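First subunit A sits with subunit B, and in the next complex the same chain sits with subunit C.
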Partner chain A sequence: MSTATPLRRSLITPTTLVLVALVVIAFYFLGVRFLFGLGAVANINSGYPWGIWVVVDVIIGTAFGCGGFAMALLVYIFNRGQYHPLMRPALLSGLFGYTLGGFAVIFDLGRYWHAYNLLLPWYIQPNSVMLEVALCVMAYVVVLWIEFAPAFLERLGLTGIKRVLDRWMFVFAALGVLLPTMHQSSLGSMLLVMGYKLSPLWFTLWLPALFVISALAMGYAVVMFEATVVSKTFSLPSEHALISKLSLVVGCITVGWLVLRWVDLFARDAVPLAFVGSVSVFLFWVENALFLFAALVFVTPAGRASPRASLLAAVALLAGGSLYRLDAYLVGYQPLSNWSYFPSVPELMVSIGVISLEILLYLVFIKTLPVLHGDAAHR
Partner chain B sequence: MNAVDRRDFLRGAGFATAAAALPTEASAGIARPPKEISPQAVGMLYDSTLCIGCKACVAACKAANNMPPDIPQHLTDWNEDTWDTPEDLSGRTLNVIKVYRNGTAEQKDHEINGFAFVKRHCLHCVDPSCVSVCPVSAMQKDEVTGIVTHDPDRCIGCRYCVYGCPFGVPQFDFNNPLGKIAKCQFCSHLQKKGQIPACCDVCPTGASLFGPVKEIEQEIERRLTAAPGTPHEFPRGKIGENRPPNAATIPHYVKGIYGEHEAGGTQVRYLAGIPFPKLGLPTLGRQSPASLSEGMQHTLYHWLIAPVVAFLGFAFLARRNMAQHADDEAPKS
Partner chain C sequence: MDAIRTPAIDYDTCLGPNPDVPVYGKLSRRELLKFCAGIAATMGLSSAAGVRMAEAAISPDRPPVIWLHGQECTGCTESLLRSYHPTIEALLLDVISLDYHDTLCVGAGKQALDYKHAMMEKHKGKYVLVTEGGTPMKDGGIYCKVGGKTQAELVREGAAGAAAVIAIGSCASWGGIQSADPNPTGAVGTHEVIPGKLVINVPGCPPSPYNFLSTVLYLLTFKRPPALDQLNRPKFAYGRLIHENCERRPHFDAGRFALEFGDEGHRQGFCLYKIGCKGPETFANCPAIGFGDVGFGSWPVGTGHPCFGCTEKATAFRKPLHALATVKTLTPPTAFPQVDAAKGQGVSIGAAATVGVVGGLVVGAGAMLLKQMSDKPKATDAPNKGA
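The block that comes next holds the complex of A and B.
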């Protein structure tokens, strides 16, 4: 049924070597973190107990991993089978986005050796939004590996197991839509307890909806970005025909997000705060401008027809969604006294290393496993 | 002793807008009912006008809780691990005295050209955010005494409590690879032995006063209703205990009792001679943040009905659609 094939390309290229170097640097700083404490590497402090390891690696990182979620919703739930060729690469990016997000949580936890307490029924605290996020993300990582397993099974020639898995795949496809809906909205709910510390430009009861809708939009944007960049880089046939159809879906979601965001801001009389001069207000406008740009490209036929504009819009959407998360968790957040936070170089290098590892593993997997459709060598 | 930073004053204003924007009306349907204070709750009254800034409470707290000295980086040149000089709460300091200074700083408890002290530690919320956000029940609120405790053997170090506390109380020790959350636990280990929190025990003027919240409230009432200048016997240590009181006169208090309603109310209450925001105490509304976030979670996840229904729907559609695809693609393969 699947015509996906491994890409016959060398694993060792200048790009992969640079990525390996960045990963090695990150692991060096992680070693320092484990020997001397979080403060020895990261600039997080009493006022800003969460820094980019939480916000970039986990909150933004898992949104980048929503490709699998977004495509599963479209292909399996809304029955748009024509998008099936985009499914496996989407799942693959989700696989690494989430697996490495989970890995980032471990090194960010101050008392990581107790992490298993999250699984002990006599310790868990069901009112905690973080518990919901933690359990749901763990479950989804497992689901992603199962959803992706057919690629391994095909490669290994285990058709018997694959047939059994295919029969039950609908369960995992359903979980693969349900679980991200739950925890991506909960990443917004995590801020509902921050009413006294979060600027009204971001604090709203609609945080869960705004988070899950933007995660969905970012998921599609990742798929579009990936398909374009991968087909360009490896001179595969362009997926633009498929992508331009997908664009309208993404455009509508983005417009929906903007409408919800602004109707809520007006309803709460928070709009005047967007005209006060400050860094956070500036970033608020940048964030909204990026969403608006993406929406305008995706809802206009001319925008959808242009591969260049579509790619730019996908990037804008990813940047806008990332900035929205960064603003909600760090920029719009007001600590209680004169604390400030800007990530240190080692802290940044760790996050860059995590992202490099993600890209590296993605490259290794598409070159060794049947993920992409239409490699010229096999046509 | 750290000056209450000037940004704290601005902070007060920022918070007012944030507090006003807490969607109390809109959230009426979402927020769960606020928690009620236990009838046997114990609490503390900190009267800033009685505090002389001696910091005996800071030293006693360190000794009672076995906490290490806290020497800020910029003081290490002349202070080599000998003199505990905390400037704020930290992973090494559970209780701290700070000072407000203005202009010539001549008169105590005056906002202009004056100074005033403030003591910072956990306020033991009636409906604590830290307990609500903790995924592994490391933060607990005693049902009877209302004391909020922390168990490092459960804690995973996620620091959501640090991020979420509206009063900025829990602290993580970032400079220790095996760091812990540090937070005042009202000397619950001493209370179990029939003693009172170390800070109240050593306070020479009764500025920190321990007692059942009900009796604390009565004492506050006595102080606020008496005319300034009237003689008053300020109890020391624990209310109702037969220690010699501090005989003085009623000062000029600012209006209000900090902690009575803030973020759903707290068991530690403050009286002061200058406005509370000037002392660095955040301006907060009456709603407890946990009532809103828990209300939302309970609405979305009530009996897990919504997720289960969604799952069944998704599974049905996925199964039907996948079977269709298999049929579509079968001839091709």
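The block that comes next holds the complex of A and C.
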């Protein structure tokens, strides 16, 4: 059924070399972190124990990894088989978004050698959102690798195992929708304990819903972005026809998110705070403008028809969703005692390196494994 | 773990066939074992030592305790009377053998003194002498007399045949309140009256009865004094500064002080250091065990009054009540950091530059991509360099 093929391109290009260099820099700083501790590398402090390693690599990184989640929902749950060509690239981005998110958590843990205790049932505190996120993300990483396994099996020619796996894939597809719904909303729930430390512009009991809906929208946006950029970069047949159909789905989700957010803001009388002059308020408006722009492009037929506007809207959605997470976790968050936080250069380089590693592995995988459709012309 | 475990004790054997029947006066065997195990625990000894203490306390040949009063207020005895586990009568009649006590003995006058002398003769070399109160030395010691003898003579007489001497309270330890300037009676502590003989000091005004009882039971059990510090105080009770275990210590460390009685800080339970608390220079276990067996906080600092250093020779009755203590551990800074001071590192130039470069690259690459896409949806045929 699958006509996906590996791209026959060189693995060594200027882009990959730059990415490798960035990854090496990141690993140098990680070495420093493991030799001399978190304080030697990161600016995180008692007021801001979660820096960009958590917010960018995990919270935003896994939202970028929601392509697999969003597409599985569409393809398997709503049975829209026509989107299947977008499935594997989406899974692949999810694979790296999540695997590297889990990797980032390990080096952000102060006492990472205790991490295995998460898996010991007698230490489990079942009311903990953090525990839910940790176990759920771990489980989803495994599910993603299983969902993506057919690509390996095809490459290795293990058709027998693949046939068995295909028969049971519906179980993993279902888990692949259930698990992200759980933990993407829990990433919002984690902020509920922050209470008044979080600005009322972000703090609401609807945080879990806002997080999971925006993660879904970002998941589709990633798929659209990837499909466009990859087909453009590697001169593959455009998938725009498929994407423009997807656009309406994304547009409706984005409109729903904006409605929920603003109704809630009005209901809590928090709107006046949006007219106070400060950096966080400015970023609040930027977030909303990005979401609104994406929604306007995706719900209008003209916007959906234009590949350029669609790409721009997908990027706006990704930027808006990322900024929303960054604001909720760092900018709109003010702990007591005038704590301040801005990432240090090594901290930034580690996050940049993790993202570079994600892109690098994505490029390596699409060039060595059957992920993308329609490279027949170049074979 | 196994190496430090004490030999297993068969409690059933220790308890005997009827552990709850009151056999030793009012105490049942079970209650006695519990009491002694508690004493052993407060001294940091194993539960096996508790059993040995119980055995020592009830053995028929246990040495008697002879208790002398000098210049004092009887507060130490009052303190002892308020020991509730066990109660004082069970304690005196069964646990320790208090054969003579100036205040508590039933007889009076010559009868009581004769009994004392008889006991001292009978148990010569075996009894424990407890002195409560200072001893006046000025003018031949005439300021405190019992039965025509001065306190100094009584102490020397008692100490001559004693197996051990315990000075209970600050007065017996080093003179106490009457030795404060100008010390009109020339009051001194017991150890100065009988130089050369070891006097275990259990200072305090008053001391906790359990510190005293623990010392006595230790002596009875092990036939030697417990570990003592340079002022001959048992280390199990006087090894730590009050400051170290004080429940108000976090306020000290955070710089939250009561500045006068009844002010905002005082009402909120802040540290009493600045109104003269001597906890930072006083070695005692008051914050850990409290007084009167009524639970947490039942000690001076717990009730809002500064410690006045009663267990220290150089502090109580010598330093002004509200003078600052000499902090023996960590000296507080003269100024504490402001609570609203900015914390955490700000934006460094390098970090700002990195963010700027990455942001610029992302925006630039995006703009280039959009520019290439400006045409129709169909893909360009010319292959790119390839990412």
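Note that in this section the second predicted complex is superposed on the first by the 375 of 379 C-alpha atoms of A that agree within 3 Å, B and C clash if a C-alpha of one lies under 4 Å from a C-alpha of the other, contacts with A are read in each partner's own complex, and residues count from 1 in each chain.
As a working rule, a residue touches a chain if its C-beta (ideal position, glycine included) is under 8 Å from a C-beta of that chain, and two chains touch if they have at least 3 such contacts.
In this text the structure is predicted, and so the values were computed from the model without any measurement.
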| item | value |
| --- | --- |
| When subunit B and subunit C are modelled together on subunit A, clash or fit | clash |
| Which superposed partner A:15 touches (first subunit B, second subunit C, both, neither) | second |
| Partner chain(s) touched by A:171 [first = subunit B, second = subunit C, both, neither] | first |
| Touched partner set for A:199, first subunit B, second subunit C, both or neither | first |
| Chain touching more of subunit A, residue-wise (subunit B, subunit C) | B |
| Touching partner for A:34 - first (subunit B), second (subunit C), both, neither | first |
| First, second, both or neither for A:338, with subunit B first and subunit C second | both |
| Partner chain in contact with A:50 - subunit B first, subunit C second, else both or neither | first |
| Which of subunit B and subunit C A:268 touches, first, second, both or neither | first |
| Touching partner for A:110 - first (subunit B), second (subunit C), both, neither | first |
| First (subunit B), second (subunit C), both or neither touched by A:232 | second |
| Subunit A positions touched by subunit B in one structure and by subunit C in the second | 45-47, 337-338 |
| Residues of subunit B defined as touching subunit A within the complex | 5, 7-8, 11, 14-15, 17-19, 21-23, 26-27, 30, 88-91, 129, 131-137, 152-160, 162-164, 166-168, 171-181, 263, 280, 282, 284-285, 287, 289-290, 292-294, 296-297, 300-301, 307, 310-311, 314-315, 317-322, 324-326, 328-330, 332-333 |
| Subunit A contact footprint on subunit C (complex, rising order) | 339-348, 350-351, 354-355, 358, 366, 369-370, 372-374, 377-387 |
| In the complex, subunit A residues that touch subunit C | 9-10, 13-16, 43, 45-48, 228-229, 231-238, 240, 307-308, 311-312, 315, 337-345, 347-349, 352, 363, 378 |
| For the subunit A and subunit B complex, residues of the former touching the latter | 1, 33-40, 42, 44-47, 49-50, 75-77, 79, 81, 84, 109-112, 114-115, 117-118, 120, 123-125, 127-132, 134, 166, 169-171, 173-175, 177-178, 181-182, 185-186, 189-190, 192-200, 203-205, 208, 267-268, 270, 273, 334-338 |
